[in-house]
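Have a look at these structures, which come just after this line.
Each of the next two complexes has subunit A plus one more chain, namely subunit B in the first and subunit C in the second.
Up next is the complex of A and B:
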C-alpha cells in the first residue's frame, strides 16, 4: 500500500508515460481488487460453496430472462394459470417437476421467473446501502471534527429508526413498482449500522504511518481516502454488501408476503402469500406449494451467509491470527 | 458529559422521528388529509360539507389542521404528540394512545423473552465453540448456526405453526391468551400467556441465536489468542476464571452494538410475527392500520415503536459507557 500511495505527485502527470502508468495502475488495481479476492475466495470452502450458490441463482435469472424474450428459446415457460393440472405434487409429473399451485401454474416457472426481479432488488438495495455507508463511514472517520459529529449524529438517528415499520410505511404510501426503487426503500436505513462499523475501522487506519506520509506530502483528502483508506476497508465493505443483500431478501419477501407491495412483479413472497392464504398450511398434500419458495429463499440467503462468513474469516486478521501457520504474514502475532 | 450528549442526541432523534411522521402525513399525495376528506365527503354527501368543519375533523384525527400555515401545523403536531395525544383511530374510533397502551405490553413481553434467550443461547454456544475450535462440534455448530441464520424468522414461524400447532396441535396457533381467562397474576393465567408466547418467541430465537453464536465465537477466539491470556495462564490463574472473567467479558463487550441493533430489528420484526400469530401487539395494529388505511394509528404505531427502540438504545449506550471504561469522548481527535 505504501508504494501505491507514492504513485501520486507531479511526475505522474507527464503525458507520454502517464497513460502507460495509468494503465498499469488500473491493471494493478484490477489484480488487487478483483483477481486476488477471487483467488482467495476459492481457497475457503465457505466462500466457494457460497459463490456457487449465488452463481446458480444468477444462471436461473439468465434462464428466466432468455425465456421471457422474444428471440430466445423458451427454456422455462413463463408462469400462467391453467398451464397444467391443479395442485400437482412435486416430483410427480416431469412436465411440472416442482408441482403446480391451485391455479395450475407451474411452481418451477414461478420460482425461476421471480429470480431476475429478485436479483435487481438485491443489487439495487445492496449497492445503495453499501455505497452510502462507505461514503459516510470513510469521510466521517477520516475527517473527524465537526464533519464527523454531524455525520455520526445523522447515522445514529438513522440507526435508531425501526427499519421494517418505516419500510412498510413507505411501501404502503408510495406503492413502488420499479424493483430498483423497492430495493432502495428496503435499505432506507440499513446503511447506518454499516457506516458506523466502517467509521470505526477508518478510525484505526487514519493515523497509520503510510496515511500520515500521504498527508505530510500534501495529498488531497479525496486521494488519501481513495488510495489509502478505502482499499483497506474493502473486504469489510464486501462482507457488508453481502449481508445487506441478505437483508433485502428477507425484507422484500416479507413485504410481498404481507401483501404490502403491489403483486404485479413475480416474487417468492407472493408465492408464499398465495399458498399461505389459500390454505396450503392446513394440508399435507399441497405442502410443496409452501415449501419450495421457502427453500428458494433460504438457499439463496444461505449462499450469501456462507460467502460473508468465509470472506470474514479470510480477511479479518484478528480471526486469522491463530491460524497464521498456513499464511506467511509478518504482521501475525508471535507464534511459538 | 457523555450521558448528557447521548440524551441530547436521543431528543434530536425523537424530534426527527416526529418530523418524519409529520412529513409523511402532510406531504405525500393521497395522504391522510385527503383520505379523511374523501371518507367524509362520501358519507356526508359531497356538496354540503363545510370546509372549516372538515378541517376540524382532519385535525382531531391527525393533529394537523390543513387550514393553518405549515409551521403552525408542525408546531401543533409536535406539541400534541409530546403531550401523548396521538390522534384518533379512524377504524377503531378510539384514541390511538389507548390502543397502543393496550398493545405495547404484549410486544414488550414477546421481545424481552426473545432477545434474552437469543443472546443467552448464542453467547454460551459461541463460547463453547471457540473453546472447542476445530473440533467436529465446532464445525457442526458453525454450519447449523449459519443455516439457521439464513432462515427468515417469519418462515420459521410459518413452519412452526404448520408442524407444532396444525399438524400436532402442541401449541396454540394464534392469540395471546385463551379466551375467557380473566387477567390476573394467577399461575394459570401467566402460564397460559407464556404458552401462547412459545411459538412467536421460538421463531425469533431459533433464527436469531446463530448469528450471535458466530460473532461470539469470533470474538472469543480472538481474545483467547491475546498475550494477556497467555500471561494469565503462566501466572497460574484457574482456567475457569480465565474463561469467564477474561475471555468472556472481553468477548461479550463488542457485541453490545449488535445487541442494540437487534433490539431495533426485533421490534421491527414484530410487525410480521404478530400478524402471523394474530398476536395483538403493536406490530399487529400497525399492519391492521396499513390494510385499513388508518393513518393516525399507522403513524402512532410507528412513532411508539421508534420511541421504544430509541429508549432501548439509549439505555444500552448509557450502561455501556459504565461497563466499558475505554469508551471516551471522540472529540479529542485531530480533524483533517
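Up next is the complex of A and C:
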C-alpha cells in the first residue's frame, strides 16, 4: 500500500480532533512530497550530481528565454552574424569565451539559445513515450481480457514498426517545426517496449494481497490503479523516462545532423553538422566549434543517466521514510 | 524537316524540365555533392572539354608528356554510388551514366575573355535566320576499332533529342535539316543574336549516336501534336540503355560494384596528348574532404571544400578556382502581402549586407555589385571584378542601384505604412513583419549566406529565421511549388548572356515565385524613387533574343534596370568553382594559369595535353 495513505491517515484524524492544525497537515505533506524526495536525492552523489547538471541546463534555458524576451535583461545575447571575429578559438577572448563560428557568432550564445528548444523537445518526447506506455501497460495488465488483447495487439504492432524509417517518413510528410511535436515524432513507437514491460509487472502486482484488499473493499479501478499499481511501477517508469529523454537527445541530434529534421531554431545537432561540414575535424583552429556542442550533449546525457541511477531510492518506501522528519517510529528498525 | 513541337505553349514545360535538371546537377554539386559525375544529370550538369582543331594538344611546356614511362597508368576520379546501377541513356535522369571523358563537348567557353572555341561541333555559317553546324573531322564512336564516324545523323539526333526533352537550345530554332555528311542546318526563330546562340551551345555534349536513338528521331519527325511529343518525351526519359556509348578520348572498359574503368580510345583526334591508359571512377566515402586529404583520388572537377581543408591540405594537393557563373539569391514570393510589394523588396535589399554574406560564405565568393542579373562579379583568383559591366552601357552600369542604404530601406517601409516600435518593424495592421527563409537542409555550404541575411534582418527589427528543409522536399514541395515567403536558389542557370538570366526570372522561375511579369511596374530609369510605371517585359525579351549591336545593349539596359528595381530574386553573391588535382604523379598547370578559366579544367586538360602523368 502506498506510503502516503498510511502517513496522512493519522494526521488527518489529529486535525479532525483538533490535535493538529491545518498548517501542520500542509507541512507534513510538504515534507513527504517535496522535502523527502529532495533529501533522498541529495543523499546519493549520483542523483545529486545528475540533478545539478539537469538544473544547470534548466537555468541555461531560463537565461536564454529571459535574454530573448523584450522585458528581461540580455544576459546572453542571441547569436548573430558578425557578433565577433570569425572562427575565434575557445578561451581566446572573454567576450566570446567559447569562441565563434564561421559567421562570427558566439558559440556560447548559440549553445545557450539552443537549450530551450532542446529541453522542450526532450521533455515532450520523454513525457509522451512514458505516459503512453504507462497508461497502456497498466490498463492492459490490470484489466486483462479483451482490453488486454486489444492493447497488446496495438503494442505489438507499434513494436514491429521500423522506428528510424518511420521517423524519417513522418518528418518528411509533416515537416514539424514545433520542438514538442518533433520530440513526439522521435518517440513515436518508443513507448511500445516500455508498455510491454510495465504490463508484465502489473500482471504480477494485480494479485498482491493489498490490491486484492482494495478490490474486496470495492475501490474503483481508477483508484486501485492510481494508488496501488502505478506507485509500484514508478521507479521503472522514471528510469525509462530518463532513458527516453536520452534517446530523444541522441535521435534529434543525429537527425538534425543528417539534415532530415526541418529546423528553424538554433540546435546542437545543426551546430555539429555545420562544424563538421566546415572541416572542424581537420583543423585544430576550428575544433572548438565541434567539441563544444558535443560536450553540451554529452553532459546533459550524463546528468540524466546519473539522475536515473539514483532515482530508485526515491521510490523505496523505507529509504523515503528514513529521510522524512514527520515519520519517526516506522523507520527506527532501519536506521543505521 | 518541320518541327511539330515549336508551339509556344510548350515553352513553360520545357523550361521547367531544364530547371529541374539544373537543380539536380549544378547546384547540388556546388553545394558539396560535386562528386556527381559530369553529365550524369543531363546536359546542363556536367562538364566536358576539349579544344578546337587549331588548339588541340597545345602541349604547354610545363606539362608535355615527354619521354619515358608514366609512373601511373590510371587517373582516379571519385564517385559515391554503386556504378553497376548506371544505365547509359543520359536523357533518362534515373542513374544515368555519361562521362565527360567518354563524349566530347560541342565547344569551349573562356570565362575570362568571354570567347567561344569550337570543339566537337563548329558553327560554319550563321546569319539570315539560320545556322549551319558541322561535326569535327576524325571523331568516331566507340563501337569498333575504329568505330563509325560521328556524322550529320548523330548531330541531327543530338538536336532532335534536345527538342524532345525541351532543353534550352531547342527554344532557338524552328526547323532542322541535314545539309551534308557532317553538317546540319537550323532555321532559327528569327535573327537570333549570335553570342546568345553560341552561349546556348555551351555545356552540350555530342553523345547521341543515331543508331541508338533512331526510333525516337523518326517518331519525332512523324509527330503531329503536342500530345504525341509529350508521350515521346516520357518514353525517352524512361528508356534505360544497357550499352555504353561515346566518342571521347576514353571508352568504357568494365564496371564492378566499386569501380567503372574507361580505357584510352586511340582513335580520338586528341588521344596523342594522353600518356596514360585508364580513367577510373572509384567509389569512395561521401566525406569528400577526407577523400581529398587522404589523396585517395587524382582529381575532382568541382568541390567546395571548407577553408580548413584548403588551408591544411598536403603540398601535393592543388586547388584552382574559376567562376561558377552563379551564386546564391533570395527569391521572393510575389503573392505574399509583404514581399509582393516592390518597395518592401527594395527595403529588404537595402538591409542585407551582401559583402558580409560573401565573406561568411568563404574566400571564393564576391558580393554582387548591382543586383540586376548581370553575371561577372568574381574572377578566377577570387577577386571581385566588374566584368558584369560589359553587358550594359557605361551609363546604365552607373545608374543601377547598389542597395547599400539601410536608411532608404527604412524610408521605403514607412512610406508603405510600416512602422517601427521598440526596435521592431510592424505591418500596417500592427502585426510584426517577418520573413522566414527556406533553405535545403543538406546544402550546408549555403547556410552561412542565409544565416547572415537572417542576422541582418533581425538587427534591423524584422523577424526572420532560416528554415531548413530536407533537400528533395525543399525543391519539390517548397521552391518549385511556390510555397515560401522567401527562399534560396541560384540566380543564374550558369549561362552568362543576360537573356538567359532574365529568362529565368521572367519565365522559368516566374511561376515558382508566383510572379506575373505582365503586371510588373517599376520606377523610371535613373529614378529609383520615382513613380512606378508599367513595363512590357515579354516584348523586351522577344526583342532581346533577336537583337544585336546597340539595340542589344539598349534592351539589356532596360531589362537590367527593370530587374534591378523589381528584384523578384535578389542576387547576393557570385562564387567560384574549385577544381582539385594531386601533383605527386601528375603534371598540371599552376593554379593561377588562365587555362583554368574554362569549365571544367578536369575535362579540357587531358585533351589539350595540360594534364599528363609524370614519367619515370
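Here is the rule we use: the second predicted complex is superposed on the first by the 276 of 336 C-alpha atoms of A that agree within 3 Å, B and C clash if a C-alpha of one lies under 4 Å from a C-alpha of the other, contacts with A are read in each partner's own complex, and residues count from 1 in each chain.
By our rule, a residue touches a chain if its C-beta (ideal position, glycine included) is under 8 Å from a C-beta of that chain, and two chains touch if they have at least 3 such contacts.
Since the model is a prediction, treat every value here as computed from it, not as a measurement.
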So in the superposed three-chain picture, is A:250 touching just subunit B, just subunit C, both, or none of them (first/second/both/neither)?
first
Should A:22 be classified as contacting the first partner (subunit B), the second (subunit C), both, or neither?
neither
A:204 contacts which: subunit B (first), subunit C (second), both, neither?
neither
Given the touch rule stated above, what does A:290 touch, subunit B (first), subunit C (second), both, or neither?
first
One more residue to check, A:103. First (subunit B), second (subunit C), both or neither?
second
Looking at subunit A, does subunit C or subunit B touch more of its residues?
B
So in the superposed three-chain picture, is A:264 touching just subunit B, just subunit C, both, or none of them (first/second/both/neither)?
second
Touch test for A:145: subunit B only (first), subunit C only (second), both, or neither?
first
Touched partner set for A:302, first subunit B, second subunit C, both or neither:
first
Name the contact category of A:274: first (subunit B only), second (subunit C only), both, or neither.
second
Would you mind listing the overlap between the subunit B footprint and the subunit C footprint on subunit A?
172, 259-260, 282
Complex contacts: residues of subunit B adjacent to subunit A:
9, 12-13, 16-17, 20, 24, 28, 30-31, 133, 142, 146-147, 149-152, 154-155, 158-159, 161-162, 166-167, 214, 218, 221-222, 224-225, 227, 257, 260-261, 264-265, 267-269, 271-272, 275, 283, 286-287, 290-291, 298, 301-302, 305-306, 309-310, 313, 330-331, 333-336
Along subunit A, where are the residues that touch subunit B in the complex?
142-149, 152-153, 156-157, 159-166, 168-169, 172-174, 193, 196, 203, 206, 215, 221, 246, 249-250, 253-254, 257-260, 272, 276, 281-282, 284, 287, 290, 294, 297-298, 301-302, 304-306, 309, 312, 316, 318-319, 321-322, 333-334
Residues of subunit A that touch subunit C when the two form their complex:
70, 78, 80-82, 86, 102-105, 171-172, 175, 177, 259-265, 270, 273-274, 277-280, 282-283, 285-286
Of all residues in subunit C, those that touch subunit A in their complex:
32, 289, 293, 305-309, 311-312, 356, 359-360, 422, 436, 441-442, 444-445, 447-448, 451-452, 454-456, 458-459, 465-471, 473
